[in-house]
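Inspection log for the structure reproduced underneath, given as structure tokens.
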């Protein structure tokens, strides 16, 4: 089974709901090692993204709408990073009516590469890259083993959550948390957390859209 | 949380509305996307100096829009860099044919959003140059961080480069001057209390009744060190020593000394600190030729201060002295 | 207590030393007795306008010493009126042969000490006139109190009367003008937090996390009413309604609207309140022709604000617009 | 027995000690209904007064030195009021080498009248006048009954203390406390308190200087 524009739209809706629910939690994480705005910024962005995703007849169009909304509404570091991620993902699947397993993997990889290109963070810098990179690797591995879209996204979500937890002991070297030096250790990165939420939401939606036989 | 506001979600726009009403002779405020431009258009053929950043640092940046300083400012949400569409709209509004200079404080968000805006402007044929400001010596290992933050030096750079643009310097010269001033300016800040971000409603960090935070930024980020509160003499030394060591400033240097309040510290304390700082420099043979004391780049209602020291030369002095007429800085007009 | 100070006993002098260093081009600070005069002597034959009061209200009054405003200021201990010897020394230093006008905020201490100083000056043949400023509508029953306090209106009176003295008005005319402006100006203040007097070390009054105090003075005196914190719309209405009712201000009046911070409230909130206040007045047909927004008469680090409304006429407008060059207010120069 | 310049000097010293000890208490009283400076102001003034009182060969000279010190060092409302009180007391006893019972009463009455002339407060306005007026009346009554200086001052001190306590329920109508309206009730007036301290100190010193036979 594959994902079409409507299924993707429902997934974006679901992520907007999750971000709204987790808004204060994300703010709290950012309060500890940043400037206490990650949840608010992303929530503002995802509300706009939900509207922007309403039109668009292909997955690429939906993703592009989300990208534009995030770029123009989020601000901060997360706005351009997530915006670029969705924009690159859109480009990666341009022309497709539905997303098959290989498309999903290509979109995830493009998203991650976009974030790295913009933000220049490396693995271990305590950023969202620490959730994205293991997620993409897990998705690729699952796809090589012939997994379904839902299985691929579940593997990505599991890896992202592990990556998110792995940020806790790290000393930040990029973004606002890096100003804290050693004091950033012991706190989970907010961007890695919102990334894990995104991938978990996509996995859950995929499982719901394409129930295992 | 105690603030004179209606709704945490609309603080920035509500405040901009009052700012627009209070300074209608000097500025024009546009909403959605939000940006502030001069009431009088730039003389054709002059470089438009544009800055912006998260709100909560007032009067920065909107308070510095006007003759002899900024052409436009882009206020983001509280402590959140503005979005590319704001910056782009401001850019197109103020471009007077000689290009646009972005003065960007070095935060990942600001840098990325201004970068995107510059791409949008380039796509429409507007020449844009960007200079990133990073004067905060509190951030030590630039290699292992997002780099030094842009703090108090921003005010001085906006004033000096604004004066150069006003006298007709071209885009390359303005950008080069901005880089030169940035290379000659160093800052460091401290806090006695945290600020409260409106939509969060609680202090960003918790400080004990006898604690202070040294090396803070301007976004309520905690600093690098938490210490027992000390006397003003010690606090000033803790800020000035790393500043002097870093450039380094040396005997005989002529400087501009800027003692800046974080928003909740009253003038009585800022002047007290200024006096100590000037004596501290005098004892080391460093001459203070120009000065600025007050709340110019703030962190909401945070109590605390930052000290900024700029090494001057004749050109910088004359550009600093040049007329300026903005809501927050005014002289010679 | 968290303050950037060395010693609670020497805060005022320590701060004055920094003030003197920061503004050596504009003012000269004398110690023991403490007073501040202009760096340039008054033109002979002009009236010297002198004010003073407790410290802790910076930039009032010393920040208003300079061309077009005060000739001298006498800073007392924190929240304590100055002593007659300070006032007398300032009087003798600035008298330029046309007499000295004391602008005295209506507090028992200020009134008594300026009274004594006036007697000392008279004994030495210097002509002195005194005008007591009492613009605070929060004090309701003047019969049963020490009378209304002098608050925000003081800044406006010092500016306007200073301009009249600068243009050469004689002592009687300056005093009459001061009385006239005082009769046309009304103020009211509120606090979100108390201030901390340095030698006391604890807040002067205790406010709960969700409480505000309405009708406060500028010395950390509690107000007349304690209420739950409200939205800015309601707070502004609570301050403006008694102001409008009192004069009364009526439709068609031209006014100067002054939104003043108490020291710990940042500009983002003051501009927000200013916008609300201007709309509130517009809805009642009251026109705002001039405005001032910022921390000009403060109460140490208190969070809160006051609103002052002055009814203007052509003469007051032209005196307000006249050039002024002081550490805290500057235009036209 | 009578009081000479040296005895008076010792009394001023003693009062300066009392004010230093009670400084924070007076600040606290003023914090409740004023601006928290009465103790600090008076302490600064009495330290100067102690020095000023060191010279002076007659009681009037000592009192005048104290007056000048208070006027130039205290500020606030209390400075001119206490300053005037001491100045008028000095005038009332000018020319005397020692103060007899009638001189003491005359000095107290002159002091009180000076305070009323300057401050225009009436009995019941919740000011230092509420301690001074009953004190002067009690002193006059004691003198009429042939009391000694020590007895006169003890009677004045008793009455001042009663007057001080009587200020507690009053609603202030003068000075800074008047701005509080009804909220000033329930607090003891700082100036009445420092007045009671003054008279008690004088009484104690007189008792020590002129022990009962």
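Going by the order they are written in, the chains are A, B, C and D; count residues from 1 in each one.
Just so we're on the same page, a residue touches a chain if its C-beta (ideal position, glycine included) is under 8 Å from a C-beta of that chain, and two chains touch if they have at least 3 such contacts.
Not measured: the values here are computed from a predicted model.
Leaving out only chain C, the chains still linked to one another by touching are grouped as follows: A, B | D.
Averaging Cα coordinates per chain places chain C and chain D 33 Å apart. Centre to centre, using the average C-alpha position, chain A and chain C are separated by 55 Å.
Rounded to whole angstrom, the centroid-to-centroid distance between chain A and chain D, based on C-alpha atoms, equals 76 Å. Distance from the chain B centre to the chain C centre is 29 Å, each centre being the mean of its Cα atoms.
Taken as a graph of touching chains, this assembly is arranged as a line, each chain contacting the next along an open chain of partners.
Pairwise, the chains that make contact are A-B, B-C, C-D.
Across the complex, chain C meets chain D through its residues 33, 54, 76-85, 107-109, 112-113, 115-116, 138-141, 144-146, 149, 197, 199-200, 202, 204-205, 217, 219-222, 224. Interface residues of chain A facing chain B in the complex, by the touch rule stated above, are 27, 31, 34-37, 40-41, 44, 71-81, 83, 118-119, 171-176, 178-181, 183. Taken together, the chain B residues at the contact with chain C in this complex read 2-7, 11-12, 14-22, 55-56, 58-59, 63, 192-193, 209, 212, 229, 231-233, 235, 263-276, 278, 288, 291, 293, 295, 298, 300-301, 303-305, 330-331, 333.
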